[in-house]
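Contents: one structure, followed by commentary.
Here the chain labels run A, B, C, D, E and F in written order, and each chain numbers its own residues starting at 1.
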Amino acid sequence: MSPEVKPDSLLNAEGLRFDGRRIDELRPVQMEVGVLKTADGSASIRQGKTYILAAVYGPRELHPRHLTLNDRAFLRVVYRMATFSVPDRKRPAPSRREREISMVIANALQPVLFLEQYPKAVIDVFIQVIQADGGTRCAAINAASLALADAGIPMRSLVPSVAVGKAEGTLIVDLGDEEDKYGEGDVPLAILPGTNELTLLQQDGSFTREELMEAMQMGINACKYLHELQKDALKRSYSKKAPEGEDDDDEMDDYDDDLETDLGEADIMEDE
Amino acid sequence: MSPEVKPDSLLNAEGLRFDGRRIDELRPVQMEVGVLKTADGSASIRQGKTYILAAVYGPRELHPRHLTLNDRAFLRVVYRMATFSVPDRKRPAPSRREREISMVIANALQPVLFLEQYPKAVIDVFIQVIQADGGTRCAAINAASLALADAGIPMRSLVPSVAVGKAEGTLIVDLGDEEDKYGEGDVPLAILPGTNELTLLQQDGSFTREELMEAMQMGINACKYLHELQKDALKRSYSKKAPEGEDDDDEMDDYDDDLETDLGEADIMEDE
Amino acid sequence: MSPEVKPDSLLNAEGLRFDGRRIDELRPVQMEVGVLKTADGSASIRQGKTYILAAVYGPRELHPRHLTLNDRAFLRVVYRMATFSVPDRKRPAPSRREREISMVIANALQPVLFLEQYPKAVIDVFIQVIQADGGTRCAAINAASLALADAGIPMRSLVPSVAVGKAEGTLIVDLGDEEDKYGEGDVPLAILPGTNELTLLQQDGSFTREELMEAMQMGINACKYLHELQKDALKRSYSKKAPEGEDDDDEMDDYDDDLETDLGEADIMEDE
Amino acid sequence: MTDFSSEIISHIDRGFVADLLSKGERVDGRAFGEYREIIIEPNPVAAKAEGSAIVRLGDTSVVAGVKVLTGPPYPDTPDEGVIMIAAEMAPMASPLFELGPPKEPAIELARIVDRGVRESKTMDAKALCIKPGKLVYMVFADVYTLEYDGNLIDASSIAVNAALLGTKFPEIKLEDGEEVATGKELTLPLQNMAIEHTVAKIGNHLVIDPVLKEAMVMDCRLTMAVDKNDNFTAMQKGGGAGPISLEMVDQAMGMALDSSKEIRELITSTMKNPE
Amino acid sequence: MTDFSSEIISHIDRGFVADLLSKGERVDGRAFGEYREIIIEPNPVAAKAEGSAIVRLGDTSVVAGVKVLTGPPYPDTPDEGVIMIAAEMAPMASPLFELGPPKEPAIELARIVDRGVRESKTMDAKALCIKPGKLVYMVFADVYTLEYDGNLIDASSIAVNAALLGTKFPEIKLEDGEEVATGKELTLPLQNMAIEHTVAKIGNHLVIDPVLKEAMVMDCRLTMAVDKNDNFTAMQKGGGAGPISLEMVDQAMGMALDSSKEIRELITSTMKNPE
Amino acid sequence: MTDFSSEIISHIDRGFVADLLSKGERVDGRAFGEYREIIIEPNPVAAKAEGSAIVRLGDTSVVAGVKVLTGPPYPDTPDEGVIMIAAEMAPMASPLFELGPPKEPAIELARIVDRGVRESKTMDAKALCIKPGKLVYMVFADVYTLEYDGNLIDASSIAVNAALLGTKFPEIKLEDGEEVATGKELTLPLQNMAIEHTVAKIGNHLVIDPVLKEAMVMDCRLTMAVDKNDNFTAMQKGGGAGPISLEMVDQAMGMALDSSKEIRELITSTMKNPE
């Protein structure tokens, strides 16, 4: 591992960040769909040095049975960090932090799913953080919604997510580890791209009401961009799946029919 | 918290105790019934600095089901101490001591209940020690039997309980923390007031057979007095519940009919 | 306990071991059948200073039910070491080592059982190490198969087991603690005496392929001898059970009929 | 805490609550931005805990207690004291709470209340250091739920802050490697107390301090910690998966700011001048 | 240990046992105040444990082992050794015992046996101190149940006391902060060994050392630790919720006193002169 | 890992696989002694872990990461570093794996992989000592399963060895009781890397690197760790209760020896020269 050094300043005289980014610039993001063979659906995301895998199984029978919901599927999200994904070794057992993050990720994803179509079943979303470098819960949501789509589970839309923060009084988008550690606050959020409504919202640090409103707006803008990247990733995966010689667009059209668009959002593939 | 100091002597030349009590004198006792809104029945007790809440739920369906008894209700008692109720912080998880005390409290209460009337159900008794200053298991029994009555669960009688101890060779009633710590023994007991039979009996320290007999007799006498205080507390709660202008006695008569008196005890309210 | 001292040498000039044994000589072995009254079957083994008890219950109903197998009995082996059975105090909770050894013992015993005759049931094998002085998993298998026979559970044969090791370059049979600790390797194995097939095989240390083949052959030879000792122990237990004045041989003949010999092995009692 | 809605609450209940709200009314008659009566009982555990408070929020009540111990600091923060905030959803408080190890709602409660203290930098952790790398004060604040009629978070936040404010503990020094009590009594180095405010979203309406009936039909809740300078120091959307618009978040923040000063003053006046 | 009665035992069984008792007879023919035969096997774990004993009480049997280690004392008792007594109800011993973490009956067994040692001040804890605040002897006595036919408590108490009495361990000194064995062998500082006696109440009758059939129909049991001076050093009513009168407690105490000396002598003679 | 056969796999499947093997064919067309394609991705966790590798064995894949920390040695080995190898069967990797604490198959996996490192004396534990009795390096290697199509053991063994081989960590000295980084970067003291090879027995046939379909119908498997000198340093029969003859063990050892050198070279070349 590269030893972490506290930077002299998180923002330089030109208004550029520690790692050279503009204040509203995302780290390099790579998303890939269908990366795991055994899962029903899967995706990976690399965002800066953060590296996360998401796998989806289901809808399938739920064990243990006492968790069964009679009127809808149980969306079970399990967010886990590898022991070696952080500077100090994480203890192997699930921490309270991991359990809370699993819960907020489930809340962030649930609004786009039609859980009532699968009473008594479970949809499992397993998230493994391979390397953590800030923004893992947001990156996890980006990957998990791709994995759900890859599993063929009907969705109203994908869910993009990003964290906005504050460094030396300036709002900045997509915090890396140093900005998270030495900055003044963190606002992770996720949105429904069709309505811009928030499905994840947390905050720590210290913000005025006006700063928070601006931070959330910056986050929504960044999510719009991430949503495009998600759709690109999904499109690439369908191209790969299409048998050679067949028309890729047909393949995608088929998929479109499976997607519901209740929230008035443009269909995921439409504007590609 | 007030730092604990070891007293020079637990008994003074006049035969009075560390805190000025006579050897057979209880600490100030306040019992109150119906103190928690969400529980089916509840009571609080303050005995010296000991402060305990008891809540009763049931009879209700039992989870997990494998604990179900086919011929009677399961009396489930959970005695818990708050982390801050003792001089050193108690660890949050239930200790073996708490689990054993839960068991002996259940044994102490069970003889007055008609568990066979509620096969397969559970009656839950939750006891929270807010502040511990000696005699918590006895105070818990005093409060728990009031909470059971408050929940409208038929009972043969209330169950009063007290600890008798020994300090400098003399038997003393209702130990406080210092007497428990620096004294020579402890005999917690609980009785059926109608027959004087013991439903709780434990002992530690060192006693001769004769001392133990005397200690138990002193404990029974003290329980008789505590039983009067319990009945007073129950009476007050019924007065409060009675709609204004109505006759309190009628209200109490109704209750009396619910109580069984198999053990030949005078009915709880009778001699008030 | 006798303090452990590292021996100067594990093999002396005459080719004898630390404790005077020849390289292929077992420690003194005592096996006794039917030592526990409450179990359906039981046996004890003392092998050197190793002392182990095995108890068998079943076939009986399996709890918890989700472990139930629909087409055969569940063979549940629980190998436990007493806290005081080793030089340092073992922690009371089951260790991962104990759980793994339980699993390999179950694998070692299963081939001689007719589990498919008892669908949904459990056969419980409880093993308690009272004193551990090397070779506990092998001694446990020796005792457990006697306990299974004592419980009247049909078996193709008994399962003898022994560990072969290496000290100062020489292969030696039935390691004691010091030979295990200061030697160069350990090969515990168990066999079906009728076919010489291995039902347990593990190895640590460092061996060439040729050494391993020789070690396994030495182990098989030692198992043959242990098998005779097992049969002796079983025979003694039937003698004891036979009512006085009755013919012991008849008693044993009855037992023989219960044993299956699918593997072509001579019947357990036959050559006695 | 939990989203019990689909399992326990019928559609009729949800309709009933929502209809009332459309008429500008809440189930218990309060205004949308109005808290239930808040009663703080100072120092109920005076003999054993260094600080304590019982807080009633209508028919919700909790007890918080503070223990101050000494111990070694964490290796990565050798000059800072240790602060641990926990909360327990005891089955005593509600038929909805279960026995056993804490489940997700209890973990969330504990973490939100903890974050309200930690992220607000309520205490100056460096002032809790006795000797860097060797000995620091360890402050444990634990909350037990006694009665549950909605909004445990705010009740717990008020109770923890009240208990911390009332905490008194003996000063300890390290002399020749031994811990020695100086005989002096200290209070905690409180520098920026923040109070948590929870607003429930039900349809198009926002109500502060939701009772259980409201919590059971809400789309989600937003909890906001507000400090003395009207800064937001922690926020959590939870209590259901319903999405919320930016505008409603802004409105909720306004409701929190409107309530904050009064509650802070209640805590301060009660704990500084306990009868 | 447990009150299995209503689930497993029919009323006929209870009637049968009670009828016999009315005629002055027990199910196995013993007198009411008579123990089953007690057999103590000394030092079955001689090679690994510092002390050990197997005790048979009829068809109940247990093994106890003692380990003596060194370690730091508890902060609140810097000049005292550490004494830990535990007992396990292993499923090997009975179809009634279950796999898994200890349940209430096993916890009660462990705590009663522990209390019998601790409350009797069987050992002089201060004599187990090597260097105050730094290093003490830690004495662990663990009991495993092998066969269960009633009255595990007394069997465990006898086994633990026998094992402690036979314990030998190397003397350790602290020299320049290092632990050094002096080469001398020590025995434990036993000062007041107490034996636990269990009496079962069945209807109006009291029987000592109940077998399983009696335990299953008893109203309750009373366990009493009696020391060499005939003092009672620990007592526990358990094994069912049946109440008991003062008179019967007195009678039970008499039965315990009648048995105590003989059992103590058996332990002492067996462990002091092991074959 | 587990013997799923009787519960999940029909007799038809077992017959199908066995029939193929009788014809000299495997379900995926490989030769009996042939591994699937092995792909090693070096250092996927370069920013946080001291060493790491992702290993693909056909459609089985795992990630291994190494953390090197400092801490006190175990009392009984004061001059040796601490080495801990663990492996987790995460439910992400297979519908056959369950949530919750590790069950027997996961424990066996972890212990086999650990034994392959420890028994081979892969690392010189004494070279991991910084100051005897005070401070040593602690090497933690953890494996997470990502995709499961059989033979997790060999994939994990390869991944752990690759991650250890690529590990770099800062040198620490103890100066006046304080840990100080010298600024120098170290590699692990690897002295005898052994690779684990798993052979499945199906009827009379042996196949190396079994896929899931083979694992589900196998009688048992034999895992062998082979070091650079062709010594066997660890062995485990598992994966079912089927017995195996001495001749087949010999044959399996031959198959392991035939594959070992090539895999070792792949690990070394990939990790020593990562792109």
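A few notes on this one:
In this text, a residue touches a chain if its C-beta (ideal position, glycine included) is under 8 Å from a C-beta of that chain, and two chains touch if they have at least 3 such contacts.
Predicted model only: the values in this text are computed from it and were never measured.
Separation of chain A from chain F in touch steps, taking the shortest path, is 1. Common neighbours of chain A and chain E under the contact rule above are absent. Least step count on the touch graph, chain C to chain F: 1.
The most distant chain from chain E is A, comparing centres defined as mean Cα coordinates. The pair C-E is the one among B-E, C-F or C-E whose contacts match those of A-F for more than half of the residue pairs.
The mean-CA centres of chain B and chain C are about 54 angstrom from one another, to the nearest whole unit. Rounded to whole angstrom units, the spacing between the C-alpha centres of chain C and chain D is 59. Centre to centre, using the average C-alpha position, chain A and chain D are separated by 29 Å. Across the assembly, chain A contributes residues 88 that each touch 2 or more other chains.
Residue numbers of chain E whose C-beta contacts span two or more other chains: none are found. Round the ring, the chains follow in the order C, E, B, D, A, F when counting starts at chain C and proceeds to chain E.
Interface residues of chain D, counted against chain A in their complex, comprise 6-7, 76, 104, 107-108, 110-111, 115, 119-120, 220, 222, 227, 230-238, 240-246, 249-250, 253-254, 257. On the chain D side of its complex with chain B, the touching residues are 44-50, 52, 59, 61, 63, 65-67, 69, 86, 88, 90-95, 98-99, 140, 142, 144, 146-149, 170. Taken in their complex, chain B has these residues touching chain E: 69-72, 88, 96-97, 99-100, 102-104, 106-108, 110-111, 187, 192, 195-209, 212-213, 216-217, 220. Those residues of chain A whose C-beta lies close enough to touch chain F in the complex are 1-3, 36-39, 49, 51, 53, 55, 57, 60, 63, 78, 80, 82-89, 92, 124, 126, 128, 130-133.
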